[in-house]
Structure formats: structure tokens, C-alpha cells
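Several structures are given next for inspection.
One chain, chain A, appears in both complexes that follow, with chain B as partner in the first and chain C in the second.
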Partner chain A sequence: MNTKQIFSSLLFLLSILVLIPWFIATSGRWDLYYTLTSVALLAIASAGVWLTFYIGRINIGQGAFALLGGYITAILITKAHFSFWIALPLSGIGAALISVLIGLPILRLRGVYFAMITLVLTEVGRLSALALPITNGAKGISNIPLPGKVSLFGIPIIPDFATLENPRIGFYFLAVCLMILCFAVVFRLVHSRLGHLCRSMQQNEELTASIGVNIAYIRIIIYALCSFMGGIGGSIFAVMSQSIYPSSFQVADSINFMLNCFLGGLGYVFGPMLGTVVLYFGWDLLFQTGKYQMLIYSSLLILCMLILPNGLLSLRLPGRKNS
Partner chain B sequence: MEQILVNGAYLGAQYALIALGLTLIFALMNVLNFAHGQMYVLGGFVTYTIYGQLGMPYALALLVTAVSLAVVGAVVERFLFRPVIRRSQRDESTMLLAAGLGFFLDAVILLLFGEKQRGVPKLIDGVFNWDFRVIMPHDRILIGCLAVGCIVLFILFMHFSKTGRALRALAQDRDAAQLMGVDVDRYSMTGFALGAMLAGIVGGLLVTITGVNLGMGGPTSTKAFMMVMIGGAGVIPGAIVGGVILGFMESILLSALASYGDVTYLLIFVSLMIFLAIRPNGLMGKPWG
Partner chain C sequence: MTPPILQVRNLTKKFGGLTANNDISFDVAPGEILSVIGPNGAGKSTLFKLISSFLRTTSGEVLFAGERVSNLAPHIVARKGIVRTFQETTIFKNMTVRESVIVAHHIRSKANLLGYFFRSANAHQDEQTFGRSADDILDFLGLAPLANEIACNLPQGHLRALGIAIGLACDPKVLLLDEPFAGMNHDETMQMVELVRGVRDRGVTVLLVEHDMAAVMRISDRIVVLNFGEKIAEGTPAEIQDNEQVIEAYLGREEDLVGLYTC
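And now, the complex of A and B:
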């Protein structure tokens, strides 16, 4: 990392951890917390999708794992009375384990085949949630309690969310911190040896395999990591909205995760974050246009693709060297 | 049992026609057309307007539907997909465009036709009844036959016309086709128009039976993807086989599992995933599309 990168990441941390809460406190727009938390959670799940793009797979199945993570958390908290702080990593790990099982066969598929099978996987997730007895069918699971407090040697680290005067602040910091963590992990991974191997897989899998890289192993690792992020995102989403339904994450959400990555740019680690922010707020801002909302939104999307087919981050300021 | 088979054949003919358009576009341009379901809905609404609202003859309505959807497809290829394919670094970028196009068509349909379920008067009355073993309304038989007729016409067209030969060459090897003097740009546009037209025709056919509404687009796309996967992406006979298989599976499983609740689609999806794990290219697909 050079000084410029360190400076910009510090600026970024400062703005989301200090400036945004300060802005919200002064302007009184408390509803922004909910929106921003959702954006952070969706960005976490999109980062996972971006990772699978990085090994050259089009993943439209993240919705299934987000749903799975949400249901694992909901069931562990309401039925087994686990603490949220244990259920959260467990749902990520659960999603990752399931993804290894599913990934072993389906990761052999490539290109559109993988895209279509993951799309089907999202449908499978929704239909399983409807059909299985433990998920309570279409009624879903509601009244999930807020996260409790965590203390280490008697010193409270995280307060009970229910005692906070506004639990949304708690969720905001939780989601934002996890988002920073996830993107830091992805950034580190991309600039590691594994990242180089992923890039070579993206270009030519046979060639990569021929120089002695265990591509099956890398695919599984990346896919598990992707699903882990999906599970985490879904888990917090379930607790924040205190409910989960089979329709919480469906095909449209899976497609949106993919669109976030495309819009931000597939070649840039922070592409999914930017894409999520732009898509989510773009949709919200267009709400005033009423029935033309969808028309304008989709036209802008198409226009974006026509002008910047390689994502928003491929936009370079004039005079700056293209890298 | 006979009833189930007849239902399966009827569904299969419809499905095969939808999958044909999708697979054609995919074979020619390597584009996964997310907007295929929306094109189908648009076709349904055009037929509804001309046949149901204006009271024109059904044949004319179907013709206008085919032509208008072909125009939509050609415009979309010429002004959206072609520039993006030329300029983008990765093939997958077209998927964002296709998804955006799907949203766009949804919005256009919502503004033009509203969100209500629309139906048209029956084409012909009467029910075919064979000893209470096979009961089939006459209009369903007619639509089924029309669908099969369209499939046969399409296959003949692809095999024996100059355009069809050019399209097949393009699907096989783009560069080689260009070297042989095939105008790649023009035939890509023709192929896209043809694919969109097929989607529109199915919409026009089915509007007489199930009616049409805005929400049908997405699920139709998902089903079309499944059929294409069963048969193998980019292969024309594969799409027909896939459509027929899905049609029969749906009709058989729906009646066999009626007592277990709504698990038919779950079962179809799961068996599809197992099938693809064993045979990743579908029944007759090219390796890796």
C-alpha cells in the first residue's frame, strides 16, 4: 500500500464512521440509518458475488445463500435460543458448508450454464423455504429478538440493542464494520498469491490447471467465501427487520447483486460497494417520479451500460493515467 | 393417464417455442436474453390489443405481433447489444444490458397496458371429449397445433433458406462464417429479430388461453432457461427436446404429487441440478456453450 491508498482508505473510514452519523444527528434524518445499513448489507453480499466473478463465474445464486443465512439465524435464535452473536458466524459458516456441497458438482459448469444453474438455485432456495417444515412456510419467522449484550470478563463490549434508544445506530455500525472487514479481506485476497491464481483462472482454466494449480480447490474456496458473505448479510438482515420470509430474497435480489457488481465494474474491488450505493439510492431517489420510476431507472441502467460498459469505476478523470 | 400425456404434449409445444427463441439468440450472439419473458408478455399484449380490443381477425393480430416483436428485436440488437459487445472488455457485460432491458420492457408494458390480467374471447368453442379419458377444449388443440406448426416452419426455415443457412453458420463459428462472406452484422440482427419474434408469437398464442399479465415475464424467463439447460445451450433440437421434457415433467409431476402440496417445482429444480452435475452440457449441448 502506498501513502495515497492509506490516505484514501482513512478518509473513507472517517466519512462512514464519523461524518455520516454526525450528519444524521445534525439533520435529524434517522431513517437514513436503515437505508445505509441495507446498503452495507447488500454490499457485503455483492462483494461475495464479485469474488465469483473474479474466478470467471457469473453467480446469480447469492439470494439463496442470503436466505439460508437469514433462516439459520432466525431458527437458532427463536427455536434454540442462541445469542445473535453466536448465530451470526454460524449462519455464515452454515451457508459456506452448504455452498461447498452444492459447489462441488455445479462449479464444474462454466459460462451461461453456471449463470443459469445459480439462477435456478435461487428458486430452489425460495421453494425449499416454502416447503420445509422448520421454516414455517409462507408465514415465515417473525418476532426475532434484537441482539443482546456481549461482555468480556465483566466488561461490556457491545450493549444490548433493545436498551439502545435507537437500535438502528447499533445495526448501522455492525453492518458498516462488517462491510469494511469484508472488503478488506477481499482486497487482501485479490492482492495475494491466491488472487493471482484467481485472475489466471478467469482467463483460462485449462492453462492454469496445466501449470499445477488445483483449480477445483480454489473454486470451492472462493465460492464458500462468497456464500459466507451472503449468509452474513442475510443473517443481519433477518435480525434487523426482525423477520424472515421465503420472499425476503428471491430471483430479483440475486439479479440485483449481480447488477451491483456489473455497475461498479468487474475489474475493481470496490466496484460492488459503489454499484450497491448507486443502484439503491438511484432507485430511492426516483421514487418521486411515481409510475415512471421503473422506466427512468431501467433507461439509466441501459444508458450506463452503453456509455460505460466496463463499470462506473472505469471512468477516469481526464489527465490521469489509465491503469 | 392419457389426459396427463396430452397435457404434457400441449405444454411441451408451447415451451419448446419459447426456448427456441432464447437458444437462437444465445447461439448467435452469446447473449443470455433476460428480457425474453418480457418479450413474450409484450407479444401477448399486442395480440390482446388487436384481437381483443380492436376486434380484428386473430390471424392478422398474430401477424402484427410477429412483425412488431421482430422490429423490437432488431432495434434492440442494432442500438443496444451491438455497441456494448463491441466496446466491453468482458462478454458478461451484456447480461446487465439484458437485465436492464427486461426492467425497461416491464416498465413500458406497465405504462401502456396496465397491470391487470387481460384475456381475449375464445377462438373456437367446444370441448373435445374422448370417453372422459381425454378432455381437451378445442381452442387448446388449435393453439397446440399452431405451436407445432410454428416449430416445423422454423426448422424448415433454418435448414433450407439462405438466411437459415447463414444463421447456422454464424452459430457454428462466427469468424469462419465471416470469412465465407456472411454479413455477420446483418445476420446477427436478423437472428435477434427472429428470436424476439418467436417469443412474441408464443405470447400471442397463449393469450387466447391463459390470458396475459405483467408478472408473467420473469417466471417465463426462468422456465426458458431451464429448458435450454436441459437440451443444451445454443442447440436448436436441444431447445425443442428441453421444452417437451419440461412440459411432460410438469404435467406428470403435478398430478402425481398433488397430495404432497406444492413441491413439484422444487423437485424439478433439484433434479435439474443433479442432471446438470452429471451432464454439464445438457443433452446435446456444445462444450461450455
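And now, the complex of A and C:
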């Protein structure tokens, strides 16, 4: 990392960890915490989708894994009385394991075929949640308790969320910290040799196989990592809203995860984060236009893709090669 | 005679009702340049894909240094030392020449995936070794001045050289070249002939599929001729030139319409 990158990362950390909470405290707009937490969680899931784009797969199935993560957390907490802090990683791991099983056959497909299958996957997720006995059908699982406190050697590290004056602050910091962690991992991965291998696979899988790379193995690893992030995002989402329903993550959400990546830029690690912010707030801002909301929103998206096919970040960094 | 490095034994490939390769057998000696020629549709490319395991055989087998390698995954065959190149459109389009060649060193990597991620000592060492080796290969193929060019901007001749560079980076024992002379003029062909000889002189056995008869006659130690999926001849260039069946396959019998069987 060069000095400019370190400086901008520090500035970014400062703004989301200090400036935004300070702004919310002074302006009294506590509702923003909920919005921003949602954005952070959606960005985590989108980062996973971005990774599958990085190996040349269009993934419209992240909603299924977010839903899965949410249900695993909900079931573990309400039925097995696990602590949220154990259920959270287990949700990610559970989603990753399922994605390995599903990925083994479907990752052989490419292009539009993979996209179609993953799109169906989201719907399969919703229908399974409706049908399975453990998920409580359309009623979903509600009254999920807030995360409890965590202490190490008697020293409290994370306070009990229920005792907080505003539990949303807790969720905000949790989501934002995880988002930073996820993007740091993706950044590191992309700039390591593994990232180079992913890029080779994106450009030509046969050639990559011919140089002795086990492409099936790398595809599975990346897809599992993607689903892990989806599961984590869904898990926190379920606990934050204290409920999960089959309709919590639908096809529209899966498509949004993909759009976030497109909009931010497939060539940039931080593309999905920017895409999520712009798309989420853009949609809300257009709310005032009433019945024209969808029309304007869609037209703007089409314009963006025509004018900026490489995403919003290509605007800020003209001439810079993909990183 | 030294034992053959590659043995093709009764190799047969059927696509549904079409027999693309029928009972083909030949040996490749270490350090030789062997060309596979034949008219369009003779099954040359299929044979190539069978040897590099990009296709599964219907029957028969390929032995590499006495060990069966057919029907393994392509990356395992590459790890054993049989590496194929592709025609020039198959490259890493958006990577620079040097990056492509460095990535292609994957087989020699000491670090594992976690090692890459955490930049272990092995991964660090790999990066340096690969960089040096890539520069060496680019130098050898005359690509050094273009090292930082994006691959899709290269002219055709250099793309071929890049394909060979990617192949060499895998440290192959046998390199399979797919039509290295296609679409080249006389001078370019001569340069490429020299280049392929240079590859052989590095201790790599070269197996190539080619249309260009002049280049093949010039470069090959031995030639295998296919027609309609069958091996019709095998021998030195001089023997092949005088072989009745080969002439017939390429030029057609006298009673046939002119042009029907030309290549």
C-alpha cells in the first residue's frame, strides 16, 4: 500500500467510525443508524457477489444464502438457545457449506446459464423457507433476542445490546466493522497471487487449466467465500430486525446485490460498497417522485450502464487500469 | 534408442456416430519435434485435446514416461509435464504480457492458497523466482520490450510467442503447439521455426499440429499424417514427401474433381 492508499483508508475509517456517529448524535437523526447498518450489511453480501464476478460468474443467488444465514441464526438462537456471537460465524459457515454442495455441480456452468440457475436458487431458498417445518412457514421466526454481552476473563468486550440506550448503535458498529473486515479480506485476496489466478480464470478458464491450475477447486473456494459473506449479512439482518421471514430476501434482493457490483464497478474492490450506498439512497431519494419512482430509477440505471460500463469508480479514476 | 517420452496407444475418440480419431498409435522420443499433419477435419485437434486430456478418450490410452495420463483432469496432466498452447485468440486478454507469464508459473509454486493470502515466506520467494524466470522467458522469445503491454494489444505474431511463453512458464517436458505457423508470411514463419527449434534446444519435446507443409517439412524430425481420423503415414519429412497415400490425401486421386480434396 502506498501513502495515498493508507491516507484514504484512514480517512474512510475516521468518517464511518467517528464522523457519522457524531453527525447523528448532533443532528438527532437516530433513524439513520438503521439505514446505514442495512447498507453495510448489503455491502457485505454484495462483496461476495463481486468475488464471484471476479472469477467470471454472474451470481444472482446471494439472496438465498443471506436468507439461509438469517434462518440459521434465528433457529440457533430461538430453538437451541445459542449466543448470537456463536450463531453469527456458524451462519456464515453453514451458508458456505451448503454453497459448496450446490456449487460443485452448478459452477461448471458459465455465463447466462450460471446466472439463470442462481436466480432459481433464490426462489428455491424462499420456497424452502415456506415449506420446511423448522422455519415456521410464512409466519417466519420473530422475537429473536438481541445479542448478549461478551466478556473475556471477566472483562466485558461487547455490552449486552438490550441494555444499550439505543441498540441500533451497537448494530451499526458491528455491521460496519464486519464490512471493513470483509472488504479488507477481498482487497488482500485480489492483490495476492490467488487474485491473479481468479483474473486468469475470468479471462479464460481453459488456458488457466492448461497452466496447471485446479480451476474447479478455486471456483468452489471463491463461491464458498461469497456465500459466507451472504450468510453473515443475513444473520445480522435477522437479529437486527429481530425477525426473519421467507420474504426477507427475495429475487429482487439478489438482483440488487448484483446491481450494486455493476454500478460500483466490477474492476474495483470497493465498487460494491459504493454501488450499495448509491443504489440504496438513490432509491430512497426518488421516493418523492411518487409513481414515477421506478421509471426514473430504471432510466438512470440504464444511463449509468451505457455511459459508465465500468462502474462509478471508473469515473473517479480515469485511465487507471483495473485493480 | 531411448525409451519414448510419450506413447499414444490405439487412441479412439467418437462423437456420437462420428469417429474423429480411429485407433491411432505412435511414439514420441524425448527431445524430438514431431508434427501431426492432415487435411481439414482429419482429427488433428481432437488428437491434441486427447493427449492434453481436454477431452476424454473413447478407448485407447496415452502414456507419459510409461504412466497412463489419458482421462485425467487437464491441470493434473499439465502438472505432470504435458502442456498445450492454444491458438492466438486464447490468451489472458486484459493482463500484461509479463503478468500472464508470471501467473503461468503456478505449477512451480511452493506456497498454497492460504500462503498466497497471508504472503508467507514461500509465496514471497515464489514471486521473486517467477519474476526472474518470466523475464528470462520473455527475453528468450523476444517479448522483453513488450513486457508491460496489455496482451490484447499485441499483433498476431507476438500473441503466438506469448502463448509459447505461457507454455514454457509451466516448465513442460512435452509442449503441444496448436498451429504455430497459421496465417504467417514467409519471414514470420522462418522466425517461428527458429523459435520452436530454440524451445526444443531448452530440452522440451515438441509436438505440433500444423497446416503449413513447407514449415512442417523444414522443422520436423518426424511427421505423423492423419486423414479421416486414421493415421495413414509416419516417418521423416523425406519419407512423407514420397508417400503415395499422403499425396493422395492432400491432392486427391486423379479421377476426383480438382479442389475437392485439396487442403
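Definition applied: the second predicted complex is superposed on the first by the 315 of 323 C-alpha atoms of A that agree within 3 Å, B and C clash if a C-alpha of one lies under 4 Å from a C-alpha of the other, contacts with A are read in each partner's own complex, and residues count from 1 in each chain.
Definition applied: contacts are C-beta pairs under 8 Å (C-beta built on N, C-alpha and C of every residue); 3 or more make two chains touch, one makes a residue touch a chain.
Everything numeric in this text was worked out from a predicted model, so none of it was measured.
A.B. asks: When the two structures are superposed on chain A, do chain B and chain C clash or fit side by side?
C.D. replies: Aligned through their shared chain, the two binders fit side by side on chain A.
A.B. asks: May I ask you to decide whether A:Glu123 touches chain B, chain C, both, or neither, giving the answer as first, second, both or neither?
C.D. replies: A:Glu123 sits against chain B, while chain C stays out of touch.
A.B. asks: For A:His196, decide between first (touching chain B), second (touching chain C), both and neither.
C.D. replies: second
A.B. asks: By the touch definition at the top of the document, which applies to A:Ile211: first (chain B), second (chain C), both, or neither?
C.D. replies: Only chain C; A:Ile211 stays clear of chain B.
A.B. asks: Just checking: does A:Leu301 make contact with chain B only, chain C only, both, or neither of them? Give me first, second, both or neither.
C.D. replies: After superposition on chain A, A:Leu301 lies in contact with chain B alone.
A.B. asks: Quick one: classify A:Arg188 as touching chain B (first), chain C (second), both or neither.
C.D. replies: Once the two structures are laid over each other on A, A:Arg188 reaches chain C alone.
A.B. asks: In the overlay of the two complexes, what angle sits at the CA centre of chain A between those of chain B and chain C, given in steps of 10 degrees?
C.D. replies: Between the chain B and chain C centres, as viewed from chain A, the angle is 70 degrees.
A.B. asks: More residues of chain A are touched by which partner: chain B or chain C?
C.D. replies: After superposition, B is the partner touching more of chain A.
A.B. asks: Check whether A:Leu286 is in contact with chain B, with chain C, with both or with neither, and answer first, second, both or neither.
C.D. replies: Neither: A:Leu286 stays clear of chain B and chain C.
A.B. asks: Based on the superposed arrangement, let me know which partner A:Leu90 touches: chain B (first), chain C (second), both, or neither?
C.D. replies: Neither: A:Leu90 stays clear of chain B and chain C.
A.B. asks: Nearest CA pair across chain B and chain C in the overlay: distance in Å?
C.D. replies: 10
A.B. asks: Overlap the chain B and chain C contact sets on chain A and report the shared residues.
C.D. replies: none
A.B. asks: Could you please specify the touching residues of chain B with respect to chain A in the complex?
C.D. replies: 26, 30, 32, 34, 80, 83-84, 87-90, 92-93, 95-97, 99-101, 103-104, 106-108, 110-111, 218, 222, 225-226, 228-229, 233, 261-263, 265-266, 269-270, 272-274, 276-277, 280-282, 285, 288-289
A.B. asks: Quick check on the complex: what are the chain A residues that touch chain B?
C.D. replies: It comes out as residues 53, 58, 102, 105-106, 108-113, 115-117, 119-121, 123-124, 127-128, 130-131, 251-252, 255, 258-259, 262-263, 266-267, 291-292, 294-295, 297-299, 301-302, 305-306, 309-310.
A.B. asks: Of all residues in chain C, which touch chain A in the complex?
C.D. replies: 52, 54, 73-75, 78-79, 83-86, 90-95, 99-100, 102-104, 106-107, 109, 111, 113, 116-117, 119, 123, 126-127, 166-167, 169-170
A.B. asks: Where on chain A is chain C touching in the complex?
C.D. replies: 188-189, 192-194, 196-197, 199-200, 203-204, 206-207, 209-216, 218, 221, 322
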